[in-house]
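The structure appears right after this line, and notes come after that.
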Amino acid sequence: MIVLKRKEVTIIQLENKEMRKKHVRKNMSAWMSPHTNRVHVKKKTWRTPATFQKSLKVTLVMGQIFSLLPVVGICSDDPMNVRFVYTSWKCFYSTFSILGQIYMALMCVYNFSLFLTSLNNVAPLIFYTTSCITMIMFYDAARAWPTLVQHIAHTELIDPNYDKKLTIKCNITCAVVLTLALLEHTLSLLSKFAAASVCYPDESVYEGFIKHSFPSIFQVLPYSTALGVLTQFLHFQSTFIWNFSDLFVICMSYYLTSRLEHVNERLLEAQGKYLPETFWRTTREDYCRATKLVRKVDDVISGIVFMSFANNLIFVCLQLFNTLEDGIKGKGECSSRTKGTPLLGGYEAAIYFVFSLIFLISRSVAVSLIAAQVNTASEVPVPVLYDVPSPAYCVEVQRFIDQVNGDNVALSGLKFFSVTRSLLLSVAGTIVTYELVMFQFNSPSTTSTTSTVQPNTTTIAP
Amino acid sequence: MIVLKRKEVTIIQLENKEMRKKHVRKNMSAWMSPHTNRVHVKKKTWRTPATFQKSLKVTLVMGQIFSLLPVVGICSDDPMNVRFVYTSWKCFYSTFSILGQIYMALMCVYNFSLFLTSLNNVAPLIFYTTSCITMIMFYDAARAWPTLVQHIAHTELIDPNYDKKLTIKCNITCAVVLTLALLEHTLSLLSKFAAASVCYPDESVYEGFIKHSFPSIFQVLPYSTALGVLTQFLHFQSTFIWNFSDLFVICMSYYLTSRLEHVNERLLEAQGKYLPETFWRTTREDYCRATKLVRKVDDVISGIVFMSFANNLIFVCLQLFNTLEDGIKGKGECSSRTKGTPLLGGYEAAIYFVFSLIFLISRSVAVSLIAAQVNTASEVPVPVLYDVPSPAYCVEVQRFIDQVNGDNVALSGLKFFSVTRSLLLSVAGTIVTYELVMFQFNSPSTTSTTSTVQPNTTTIAP
Amino acid sequence: MIVLKRKEVTIIQLENKEMRKKHVRKNMSAWMSPHTNRVHVKKKTWRTPATFQKSLKVTLVMGQIFSLLPVVGICSDDPMNVRFVYTSWKCFYSTFSILGQIYMALMCVYNFSLFLTSLNNVAPLIFYTTSCITMIMFYDAARAWPTLVQHIAHTELIDPNYDKKLTIKCNITCAVVLTLALLEHTLSLLSKFAAASVCYPDESVYEGFIKHSFPSIFQVLPYSTALGVLTQFLHFQSTFIWNFSDLFVICMSYYLTSRLEHVNERLLEAQGKYLPETFWRTTREDYCRATKLVRKVDDVISGIVFMSFANNLIFVCLQLFNTLEDGIKGKGECSSRTKGTPLLGGYEAAIYFVFSLIFLISRSVAVSLIAAQVNTASEVPVPVLYDVPSPAYCVEVQRFIDQVNGDNVALSGLKFFSVTRSLLLSVAGTIVTYELVMFQFNSPSTTSTTSTVQPNTTTIAP
Amino acid sequence: MIVLKRKEVTIIQLENKEMRKKHVRKNMSAWMSPHTNRVHVKKKTWRTPATFQKSLKVTLVMGQIFSLLPVVGICSDDPMNVRFVYTSWKCFYSTFSILGQIYMALMCVYNFSLFLTSLNNVAPLIFYTTSCITMIMFYDAARAWPTLVQHIAHTELIDPNYDKKLTIKCNITCAVVLTLALLEHTLSLLSKFAAASVCYPDESVYEGFIKHSFPSIFQVLPYSTALGVLTQFLHFQSTFIWNFSDLFVICMSYYLTSRLEHVNERLLEAQGKYLPETFWRTTREDYCRATKLVRKVDDVISGIVFMSFANNLIFVCLQLFNTLEDGIKGKGECSSRTKGTPLLGGYEAAIYFVFSLIFLISRSVAVSLIAAQVNTASEVPVPVLYDVPSPAYCVEVQRFIDQVNGDNVALSGLKFFSVTRSLLLSVAGTIVTYELVMFQFNSPSTTSTTSTVQPNTTTIAP
């Protein structure tokens, strides 16, 4: 018992130490300065630190316009104002949007069960189902959002991050992705208008366009302009959701990477130097805090990451397959090339297809690479820690090494996969394999069909 | 030699300590209370702890009704009463059932060698063979069951678990799975009766049903009602076994997860606090005991896990393939849609198919996810251990980290694979690949067949 | 400098200790006996220990009869007598056999380049090429054999192994595998004789048999009885080599597993007990010695392991493919079923096919499982080491844990893959995938071919 | 504060130690010699050490002739003379070559969009695109080259390497690879000349050859001799780049392996001996330095490694596919076999095909194996470290083990994959799978085509 009593004393002392730690840290650069091999921390002017709230403000506001992440107080500077209120109009808007998406998905299911299966028929079904699930995931994330924001704010208070470029990076990415998404959507509308003017010449332009764009709805329900506008809005929302979930994952990854880089910077400056145990301890604690942040964020957004990756995988496969099969110029029965519409001279579909495919692939690759940077940044400390000179080696360095080697710090897709650089390679391999198999699966039937036509013509000839 | 003698003394002292450990543990919360940063363990009223025996009682009784796990004393509260007796009626029942299943499997093999291979022909062969092997696996597990139960009881004595929800969870899961299985079986019978009434209009309803249901038996043997009833019972038993092995894996996983969660709870409350080495030591020992339990359980049930996963993989593949190929409404020669039977208006087969597929997939996913929770729960301690403050860090924490990182705690399929969340993803990938390849493998021949018909009709025409 | 001098002294003392270690170990059970928690090592009577030389004697002699592993002194008890002599008759025999196999392989290459590619044509080419490479691998292993045997003998001297069952296990396995191989070869001969009597009715039985069996040779060279006998002998040798390489891998795995089990036994008895550091040290050193043995053996035989696994993978794929495509009864143009030969009533080919396939698959699975036991046995210490009570925990235990977790102890195929249980699963997955793809690759052409015949007959009809 | 002051003192002392370390190392062999168990380091005569600059001089000069790695001072002995100068003629040459390759790639893209997709059409597009990207990668590597060379020189100064064989190995490999590449290119020219003389009999030999070789260019642009020569030079350059990137990766791997082997040699001599902590410390530092070198080199050349592996994977797939489909003798419409050209009797294409395929596969395997040796060499220390006797075990040994086990030292392809022996196996598996799928994807259409021809001829006959 005496031994234990003594331990208690130590603990209390340590607690006091812990309380004084903040002071010590502030003073550390002071008393470390006379040494020759200190870490040259850049002198920081009293700028305002880059907080999570500020960095993601624009992106989240864009999301809320389309009913995602219905949280109150997203623009406020005080994280305590961020709340999830079931009775807020944002929640109502979100709920109605989810119901709309469920309605679209159900129409597709119904249509699917009537006019049976083909790969092209499956695409809208998957599209609306996934966007519906993504919305639910965002709604779910919104409920955990206030706690997350407060945890992040707490972490930022302890160790503020002055990475000025973070906010700018987030905003530029937001602008670029959404502009390109708008451009793609516009091209899609143009291409559909052109096709509709060929296929539905008897009807008004808008009616034709709507009927051509949403066959899964208007094969079942009668056309009315109101329903058309609603359907088009829901479709626009789906397209936005898809793009936004990628954008959201990118911005969250930016933030997490920036926090890890903050720790790495200090470590890389310390490489090979003789530093006291205190340095390794505080750095390890900072690293630990950053990885805890990654884990907490992952708990909240892993559903969105999963949907984002699944969506990209499926649609890259489908789009590539369509392109390889039909060629980029399209082969549909409503091809507008024969007529030559005024605007883009009949090449609307081709331009849309090429642009859409390139945009889709580059967006998918970008999300994968940027989200994988969280993992890459978490592994930077390893070589520095191996390089610690023997006299400066201590139990703190060992714990640090054990943690960096043992822990897998990365965003994950519902914990099913963790987003690393090697994931991208295996996804690419999967896409190539599926493409080859799917391509093959359609091609023989085409050639066989041709083979049945030929004999007919020749036997009829004589 | 003197040095070693001294060590002996230490050992004896330690042994005494070990003996007194229980007392210490009980008193620990007492002497730890004055500290400010103790672990707030919830005050436990003197409820009866949730034992393994009680939690699984209902499930195991259900299994024994269908001759699985023939162990005596399953309902007893004293684990010492659980015995495997070769001469008990349960063993006899089990042996006869195994012989019955072997007979079914052999009939399928014989039938298979007579009327050669097609994918539909393979399905019953696989079905009876796997259910036969599963029964043998359960018989095998029964022999190791008493030792396992006693080991578990011993562990529960040292560290009782008051998770009240465990028993309820097991019983509800048991009820849900078996009810759905019964519903599926009933739908299957209905669909077969309907088909039999179309195909075998000349025979009595029951004879037609039996002949339609078990072509692999009655293409070889002449029909008799007794044989029909026996065959039907054996088929019912097979269906039950398949469902029960999934249920069994789920319940065992519940129990193991609950034990690991018990340790995790205490750890999560300790996160970031300054606790004495004793706390880490006892927690590590508890964790060690829990992982040992997982290992012991896995040694006994890994065969059943393997069969459960293999079965689910094979039948999801086959069922999906059938559905994709024929559409959900069926394409068989005995389709009852043309006639419109009274009960479900000719949609028996369609309803059965859809329900069966959804049930099968959701059951498979559920088994995978719940069994993977054992692995997930075993990795919860890691972030807590990285977070231990430097002054409280000790060799016990290091051992704990080493163990959690180094050890792979999970249920396994005969040690060939361990059940983790990432397994589910790779199984899903395998299913998609096989589906694509199998789908393709049948589709070209269909189109080719069409191509052979067309030329004929055209050449005959002129 | 003084500090270092002191270290030298310590080192010298320790060296003396090291020299006395053997005595200490022998006496250890003596001085440990009064303790209550000692390891109960079974009293060993003075039996002769199971040496490597004795255990593998029969197997290696069988191999040398067919020119494999041309090492002098394999039957001697003294490992110093084992030598690789370039001028021994065994080496000459081996060299001639390799030349013979190269000749067979070259004939196949030539034949292959003349009568172009089909999957059936590729099989003999692969067969002779692989058996040729396997022979070279064995020749290579023979050169490193004496050093290996002496290293093993040295290890056995330090820590003799009294596993009496080892020699018996090796000899029984040798007998079973070779008997079954002989039976398979006999069935193959019978089936070929039967086919030859149908296809080559004009020639003598032996000439027909030879011409039917080795089309790749006698489509190029004229027939002569001498050449026929030589060819048949070389073919017999190839078949033997294939079987023997599997057998060799099994026996080596038996030995290595037995050495690791020897350490594990002692450890499992020590589970949870309070043992001095000396115990953990000697056990760790024993374990270290066993793993070093695995590494040394792997360096010598990894080429043979690679060939054995590659061979099994390729031929399971080919054989399964042939069986699935043609059915078990064969479809060749020389089918003897129509005639009904006296001996097995025309079912020679069918019986051979079924037996061969079952033998091949079970042998492949057996090799994989038994070779994977080396890896499994090397991981047994982990749970015991996690279970070491805190007071008995020492740096030796930590080193032991680090080693067992960090080291991957397994036989390997040229270091490309290491033989573990999970390997078997991934190989099985690969086989299923390749089967599905290959099956599909042949099936459409068959249906197309049928489609070309049908129109002809119908158009000719009118 | 006092405690920390004391630490400073220690640090300063240690720094002094660090400064004296070099002297200590030189003297180490001296004061270690009286011990019985020292490491017998071979006496080194004062040869000139094998520097990085000298070893790769010939290879890099060869590269610069073809505009790769435009760095000034590659032949100089002083690493300080190596500079990247934007205004040097090497940079201009490099820039012009890149523009040329971009022009070739764009022509292929344009041609591709005109005359649509087939696998043969894709090959030149991939070829020029990849060689273009590879050139850019080399240009990029050149910019980081001076820093890398200086870092390497610094490392060599601390621990010079006397591996005399290194330079010879690099030069021989350079000679062999480039000679074989030249031979392959010559055969390719011969085969194209022969084909051109059959297909373009009306035109001059050179014009026909150019038109036949570069259909993707001259289907768009009119022929002129100047353009032909330029195109041919750019094509020659592409071929060279492809071969050179493999050669470059091989030579860099040689160097890195040699540095790691240098450490391993010392370690293997120390196996099982009682050595002071200083030995383990210096060895660990040497190992650390070697792995840091691998990391730095990988940062610079990982793009080139990626392109080299991607290129090899793609072209082995394509070439194998072409060979399996058409047979080795070719099936093109310009086959020269019918005419029998004077030089190689019409077998130019066949010889080229076989040689090219063998060269391609063996080069790919060689690159993989040699680059994987870096990883293999980095894992050699593990068994030695496990073997350190208990009294000599110290914190340095533990750090060493932690580092070797935790760190993944290998060249990587843009960090997407790391080059290990198991990579080769998975690449081989991928190639086999893709081959099977692609082969199958073309074969049914061929048989279907045949089936369309047959009915015609038969129906026309009567």
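Each chain gets a letter, A, B, C and D, in the order it is written, and its residues are counted from 1.
Note that in this section a contact is a pair of C-beta atoms (placed from the backbone, for glycine too) under 8 Å apart; a residue touches a chain by one contact, two chains touch by 3 or more.
Keep in mind it's a predicted model, so treat the numbers as computed, not measured.
> If more than half of the interface residue numbers appear on both sides, call it same; otherwise different. Which is it for subunit C and subunit D?
Different-residue interface.
> Report the chain whose mean Cα position is at the greatest distance from that of subunit C.
Following the centroid criterion, the farthest chain would be A.
> Degrees of rotation, nearest 5, to put the Cα trace of subunit B on subunit C?
In degrees, rounded to 5: 90.
> Calculate how many whole Å lie between the centre of subunit A and the centre of subunit D, each centre taken as the average of the chain's C-alpha atoms.
Using C-alpha averages as centres, the distance is 35 Å.
> List, in ascending order, every residue of subunit C touching at least 2 other chains.
402, 433, 437, 440, 444, 448, 451, 455, 459
> Touching subunit D in the complex: which residues of subunit C?
1, 4, 7-8, 10-11, 14-15, 18, 113, 116-117, 281, 288, 291-292, 295, 395-396, 399, 402-403, 406-407, 414-417, 430, 433-434, 437-438, 440-441, 444-445, 448-449, 451-452, 455-456, 459-460
> Would you tell me which residues of subunit C are touching subunit B in their complex?
Per the touch definition, subunit C meets subunit B at residues 31, 35-37, 274, 276, 278, 324, 327-328, 376, 382-383, 386-387, 389-393, 398, 401-402, 405, 421-422, 424-425, 429, 432-433, 436-437, 439-440, 443-444, 447-448, 450-451, 454-455, 458-459, 462.
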